[in-house]
Amino acid sequence: MSEGRIAGFGEIVLRLCAPRDRRLVQTRQLDIHVGGAEANAIVSLAQFGHQTKMISTLADNALGDLAIGELARFGVDTRDIFRTEGRVGLYFLETGSVRRPSRITYDRVGSAFALAETYDWSALLRDVEWLHISGVTPAINAHTAAMAQAAVSVASQSGIQVSFDGNYREQLWRAWNGKSAEILKGIISCATVAFVNERDVNLILGSDYKDCAAAHQACLEAFPNIQWLAATDRQQSGAEHHVLSAILTGRDGVWRAEPCELLSVVDRIGGGDAFSAGMLHGLITKLDPQHAVRFAVAASALKHSIKGDFNIASINDVMEMIEGGGLDVQR
Amino acid sequence: MSEGRIAGFGEIVLRLCAPRDRRLVQTRQLDIHVGGAEANAIVSLAQFGHQTKMISTLADNALGDLAIGELARFGVDTRDIFRTEGRVGLYFLETGSVRRPSRITYDRVGSAFALAETYDWSALLRDVEWLHISGVTPAINAHTAAMAQAAVSVASQSGIQVSFDGNYREQLWRAWNGKSAEILKGIISCATVAFVNERDVNLILGSDYKDCAAAHQACLEAFPNIQWLAATDRQQSGAEHHVLSAILTGRDGVWRAEPCELLSVVDRIGGGDAFSAGMLHGLITKLDPQHAVRFAVAASALKHSIKGDFNIASINDVMEMIEGGGLDVQR
Amino acid sequence: MSEGRIAGFGEIVLRLCAPRDRRLVQTRQLDIHVGGAEANAIVSLAQFGHQTKMISTLADNALGDLAIGELARFGVDTRDIFRTEGRVGLYFLETGSVRRPSRITYDRVGSAFALAETYDWSALLRDVEWLHISGVTPAINAHTAAMAQAAVSVASQSGIQVSFDGNYREQLWRAWNGKSAEILKGIISCATVAFVNERDVNLILGSDYKDCAAAHQACLEAFPNIQWLAATDRQQSGAEHHVLSAILTGRDGVWRAEPCELLSVVDRIGGGDAFSAGMLHGLITKLDPQHAVRFAVAASALKHSIKGDFNIASINDVMEMIEGGGLDVQR
Amino acid sequence: MSEGRIAGFGEIVLRLCAPRDRRLVQTRQLDIHVGGAEANAIVSLAQFGHQTKMISTLADNALGDLAIGELARFGVDTRDIFRTEGRVGLYFLETGSVRRPSRITYDRVGSAFALAETYDWSALLRDVEWLHISGVTPAINAHTAAMAQAAVSVASQSGIQVSFDGNYREQLWRAWNGKSAEILKGIISCATVAFVNERDVNLILGSDYKDCAAAHQACLEAFPNIQWLAATDRQQSGAEHHVLSAILTGRDGVWRAEPCELLSVVDRIGGGDAFSAGMLHGLITKLDPQHAVRFAVAASALKHSIKGDFNIASINDVMEMIEGGGLDVQR
Amino acid sequence: MSEGRIAGFGEIVLRLCAPRDRRLVQTRQLDIHVGGAEANAIVSLAQFGHQTKMISTLADNALGDLAIGELARFGVDTRDIFRTEGRVGLYFLETGSVRRPSRITYDRVGSAFALAETYDWSALLRDVEWLHISGVTPAINAHTAAMAQAAVSVASQSGIQVSFDGNYREQLWRAWNGKSAEILKGIISCATVAFVNERDVNLILGSDYKDCAAAHQACLEAFPNIQWLAATDRQQSGAEHHVLSAILTGRDGVWRAEPCELLSVVDRIGGGDAFSAGMLHGLITKLDPQHAVRFAVAASALKHSIKGDFNIASINDVMEMIEGGGLDVQR
Amino acid sequence: MSEGRIAGFGEIVLRLCAPRDRRLVQTRQLDIHVGGAEANAIVSLAQFGHQTKMISTLADNALGDLAIGELARFGVDTRDIFRTEGRVGLYFLETGSVRRPSRITYDRVGSAFALAETYDWSALLRDVEWLHISGVTPAINAHTAAMAQAAVSVASQSGIQVSFDGNYREQLWRAWNGKSAEILKGIISCATVAFVNERDVNLILGSDYKDCAAAHQACLEAFPNIQWLAATDRQQSGAEHHVLSAILTGRDGVWRAEPCELLSVVDRIGGGDAFSAGMLHGLITKLDPQHAVRFAVAASALKHSIKGDFNIASINDVMEMIEGGGLDVQR
């Protein structure tokens, strides 16, 4: 199953989260989960049987140990996570319900990752065949933006496939007045796979598409390296009641996955990263595009039933969902 | 935001509640929440930025301390809560699910509030601009019924606005054969705002309206002091799946809020009090009636997503819901 | 209410269950519940006011004590549960959600029940008027299959009514290559009531019915002792969103219960046993067949709102549901 | 092991208890335990293999069901517990630690037991060979005092052995100005076994003994029916660090148990009732007095390691402690 | 009881704390408590009946709301806590046990308090009669050091009593190379009461006392404003087994409290602040010095039995401990 | 720090454990921990920075995944853990307290490990420099006894150091009448390090030593391969109050560690394995023998403060304890 080593580069953060149905101001207890856009995708790929590693920097304290332990526990190689003085990036989550949306309060300023020295990319990417990065990494500050650009440039030049997941976080960019369009354009130029929808594309290209398919076509034209574009579409009738569908755009066609109804969602965070991981699995193992986009949506659907940022689901789990193993108890 | 001090008069009770999906007979653990129809409304008004206080009596023991602490924590002035020997009123809640309704077992007989001596209303209402009371207070026993009447009479004579929330509790009235129609008529005569639906009106007027709008019109005629009447309508397809709408009747017209679908409700208790508080906020701050009834329904909808009797929601929270801030994660 | 003593014969197992929304691999805590197809039905009948007992064997250790205590707690006579060296049968449950089904991992091989010596059926069934057994008991191994056959044979010869609940567990039969069709045919021949659907019937008769009603008719012909056949039908739009209906077939007609929507199901395990217990209550107390099948579906619906294998619901609880007591809070 | 049926008469109460190391005012969660001086002793005797029953009255609601279920779960016959309208007696416990003592807030006024009608003692005591009662029962109000006297009088006249456990609760007696000395004298006159120390004796006899042994001698003289007197002595160096010893006085001598060091006590409530049950077991099964008092202290010591009011300990558990099975892990 | 308004100035932080007996790296859940050296003392004084307020700055987010709510809940006036953009200071606590010490990981860099603009001290201290500050405030950074000096200077000039609690945190000072001796000397010069031991004094005076009493004498000479000096002494035989004693030095004499054995300590954090609050209560209410130092040690001893940073103990609680109310259950 | 790869061979089991202060019969919840004598030692060595792996067999189900994940999480290489059909070995733990000892109920019969096929030892031990095995492995059944002997024989012949930890489990040997003396003699003959006390030695040699030092000398004579023998001595004054000391015997002398008082022990299980791991660390890194035995006792002492079977403690943690870093909060 492991057609090469997949690396992620990005910040690993701790989610501190009030119990479902408690607002932060009411709670006296927080659950801890480990996450981060790239780490989420990498963990999911490890569950699918791929050889994976994370490249990152974490504070050299018990919280950093906890985060590393959790990645190791799910089979990710953690030896290229550097440890420095400083703090671990946090985010506080108040889980929504009924018609009240979930709310994230970031507390990641000044983290060890944000302040980390430069990385020796040629050494770190030796033996890597695929590099995955998200739009969160360059959004943190000018320094991480430069790190992200360096990573994808070295990768691209070394013939390593680069996948980029939009994950646009306006709040982060605004905090330092980062020139997001310009920076993201630099990164996406090095990518062969991009997870972007019309909003991401409009931001990067300064366009005004209302439709994801059209935006994808424009993207294919603007970025000659890109071979595949994919995006999910999410409709919600409540904080916990969603319908998920997706589109995959290649140079040879467009494929769509049927809408999938997600009732009583357990945890929506990481649903996009689970989709990206599912799609990367499909592309890396050269699944038929139609199968690949269905696999990715099913993977994401599974994530919505699992607490925490990681999609703890195997290929078998995903295949059973696609093949209609049924919703009743499996004995 | 504080156009005057709003006071509530009524019993503060502790909710002892089995975990969701446990029947009382199965549980070994109870969650504690603080509630009471008036306290719930007053806490919500405090979250909306109003100066508020509770007038009440609580047992002088650790449970009374706990109740007072919880009100103080949410910004309510608790200095007019008297402490006496006795017990704190309790109610045990078994939360329903699927098609099994929630069930309340009252254990409030003989509470410090039920036995409390008379109150010095002119002193207590000095500086108060609005007095809120519910139908629970006069339902407890003949003594509390007299206290309630005294409170609204003094208020009304002093030019203090009085709001009355029906909250008809047949079980309580029946326990002492209280003449509910007569007593409630006396109280509602002093009110300028009443939260009643056709069932409340029929009880008080001995009428037989099937329709809330018609009952409201009759009420306007019967009680010349009343300026505003409001009520919610709730439809349920399961213990946790509701649709909520509302009507606001004034002397100049009738306004309705659109039905609002509430899926996977977290806690329905206090939903009516949250509606009343939302409406009072609208009336006190002189919102446009259409906006006011929408605000009240949105406030009540929010309550359904929050554990406990109190609606821990700010004006911002309510406005985002009205303005369609979306149901997906807010980062 | 007790028209005679009802006995169940079968294994009592412990459910060790990850918290809702945790996969087994993620959890650090397991909830313990006591179950077993026959025990579940017997406990429900005890809640309906019947005199009941369980005939079984349990390991003589703290886990066996725990299981016995839980049956005693709900009013079942446990004096005919034998204690031997060995282990208590376990099953691990990962509760499904959204579109991920619940998953049971059995760990019951070599349990005290599976290895138990023969039972003195004429002594054990003295004073018993009804014996209930499920298809799980003969599925465990050749020895328990023989025990089950002995039990129903002695019962049948002694004029004791026998009810049989299909509960087909392919995984168990396959583990020892048990000849399920032949064995189940022997047992069902002694029964007057059988809870089977078209899949059970097809297995036993080697037929190929697509429809439960037709299968029931075939069953009535094949097994002259049988007076009543019943089955539920379950449709799911999510792991926690079901629609339940049922059919009751007698020698004089067919009765159906209206589909019942079950939203946000709490615990589906034991839903079938709760249906059987509801139906047995109806048959034993000679309810009108239409009422009986409605009672059974309502009982099963209630079970879906209750955590654990047992249906902790009284006749009052069921009747309120049938009579439409409403879904809103009962005060 | 069952040399006759042992009955207890007294109130069954629910303990609602803050988690260890939380004050009541801090907690948001309460653990539920079932207790009551007589019920505690009766449950312990049931664990020792005796046939037992409770005679009592409980409110006919879910809390009453819970209490009955818990007694049934531990093998006590609950068919003579009457159910009436009303409330279940509660007590709130704040568990002490370090140098802060545990604190009980009673909330038992007006319970179903306190208001229960008269009992048909000759019917209830038929087949009973031993009746156990504590000083709590007559302390509740004049009515329960009369019930207690009636119970022991009928028992005594019927040749049933009566044991009485002092359990003096000044707070209860004071609430209704009960003439405790006179009432308790009436009850103790009917007893053959009494668990009293010098403080109890001084209260009843109006004496001023400083020493338990002397008080016991006076008691033997004052009450010719009494054959055995027993009492524990407790020294504490912290809320959770105790030393326990005991004295047993018979008409033929005095026996003492060696002091037993109890470090890091888990739950001290019910420790006295566990001692009484241990001693009753010794007397009923006619153990050597020296062995009996050691057994009783060991039983009480075990209780200090068990959460809740009941001593969930078998004869084997007690014997291993006496015989020095060791304090290290038993594999 | 309120001889004037007492204000505290300092940072309010959240404690995120692994459950007892879990290392941070093992835990998946954190308990939240609110603390801060000055807030702890102020909350304790509020429990003793004093009028209190906190002067501080907190981030304007849900965590800040939570902290403010918790202070309000315990009766502290929170209107002078300013809200700004930024983060709430955190500290992670791994509670020690057996021979493993508790360990604090600070995460407070860049908090709203650390970055807060200047305060209008003459306005803020109007009506204040006592200002309490700790050595943590000036240790944060040069800015907070200046704020602290300004506060005590204005207070001192306005005739407001100033108390200073050493709370030396080497880790904080070292992070910015703060000149601790010089800065603390400036602050202590304005104080009339100081909680310092020989280590604090040696740091400030550059001396080398081995003995607290001698250090106190030196301090009295060095700082003519100081009227009272107090310090605790703690000996430990395990992470949870302590012996606590204390010394109070005045210009007229020295008073000592007897050593107090603290077994199975629940929470040692805030024990020093509880001592300071107890002593301040004694000084403010002009207790006899011997009584005052005993009161302070008893208050601190109580804190060791209470979870969280705050000493939730009333004067009654403390007095019962001093007067030997006993360690056994209080009914 | 890693002077070569250390391998453990033995069964990995799940501990299912009632909360502290609950008996198994009372609990409704079990905590899951992963353990096994060899795994415990190997995890501890991994925390000390050694390269480690486990050789074992686990059922190919979610429980097996959980166990493997937990080892990976703490840095152990799990690629040589084979997966087969079957079950995961369990043990149920009731944690003792006060004077009630902890009690283990094994449920490991028929586990995947017990039934595992033969291992290819020359392949598995390639690159291994140290093999650790305990007396539990040969005690399971004749097959595992043969596996254990094969492992140590191959290791010994290949010049790999073998350490053997007695861990005598009478209950396991008795279940299959295993000839423990003979089998253990065969294994210990291949070892260079043995963790045995006088009881182990007496069993193996058929001797009757009362004293560990003498038994160690006899062992050195009987087994010429052995270079080091070590053992702890444990005294208890309560289930949670211990004193621990140890002896290390080499061919050149005997070294003892000072007794270490362990108050309010959190978790004693795995304390012996933590000692072995500490000693192995000392021997592998060639610490001075006196330092090594102190290090091992300190490591074991730390384990007593940590929940679960694994000693989650670094070299720094151990060194701070040895060097007297103090018992008070480390900030």
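Every chain is named by a letter (A, B, C, D, E and F) in the order it is written, and numbering of its residues begins at 1.
Operating definition for what follows: a contact is a pair of C-beta atoms (placed from the backbone, for glycine too) under 8 Å apart; a residue touches a chain by one contact, two chains touch by 3 or more.
Note that this is a predicted model, so its numbers are computed, not measured.
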| item | value |
| --- | --- |
| Chains in simultaneous contact with chain B and chain E | A, D |
| Cα superposition of chain A on its sequence copy chain B - rotation in ° rounded to nearest 5 | 120 |
| Chain pair equivalent in interface to B-E, over half of contacts matched, among E-F, C-F or C-D | C-D |
| Same-residue or different-residue interface between chain C and chain D, half as cut-off | same |
| Farthest chain relative to chain B (centres taken as mean CA coordinates) | F |
| Computed distance of Cα centres, chain E from chain A, in Å | 44 |
| Inter-chain centre distance, chain C versus chain E - centres from mean C-alpha coordinates, in Å | 62 |
| Chain F: positions in contact with at least two other chains | 23, 25, 28, 69, 103, 264 |
| All pairs of touching chains, each written as two labels joined by a dash | A-B, A-C, A-E, A-F, B-C, B-D, B-E, C-D, C-F, D-E, D-F, E-F |
| Chain A residues touching chain B - in the complex, by the definition given at the top | 21-23, 25-26, 96-104, 106, 169, 171, 234, 236-241, 264, 268-269 |
| Chain D-touching residues of chain C, taken from the complex the two chains share | 69-70, 72-75 |
| Footprint of chain B on chain D - complex, ascending | 16, 23-25, 27-33, 61-63, 65-66, 69, 87-88, 90, 92, 94, 103, 105, 107, 109-110 |
| Complex contacts: residues of chain F adjacent to chain E | 260-267, 301-302, 304-308, 312, 317, 321, 325-331 |
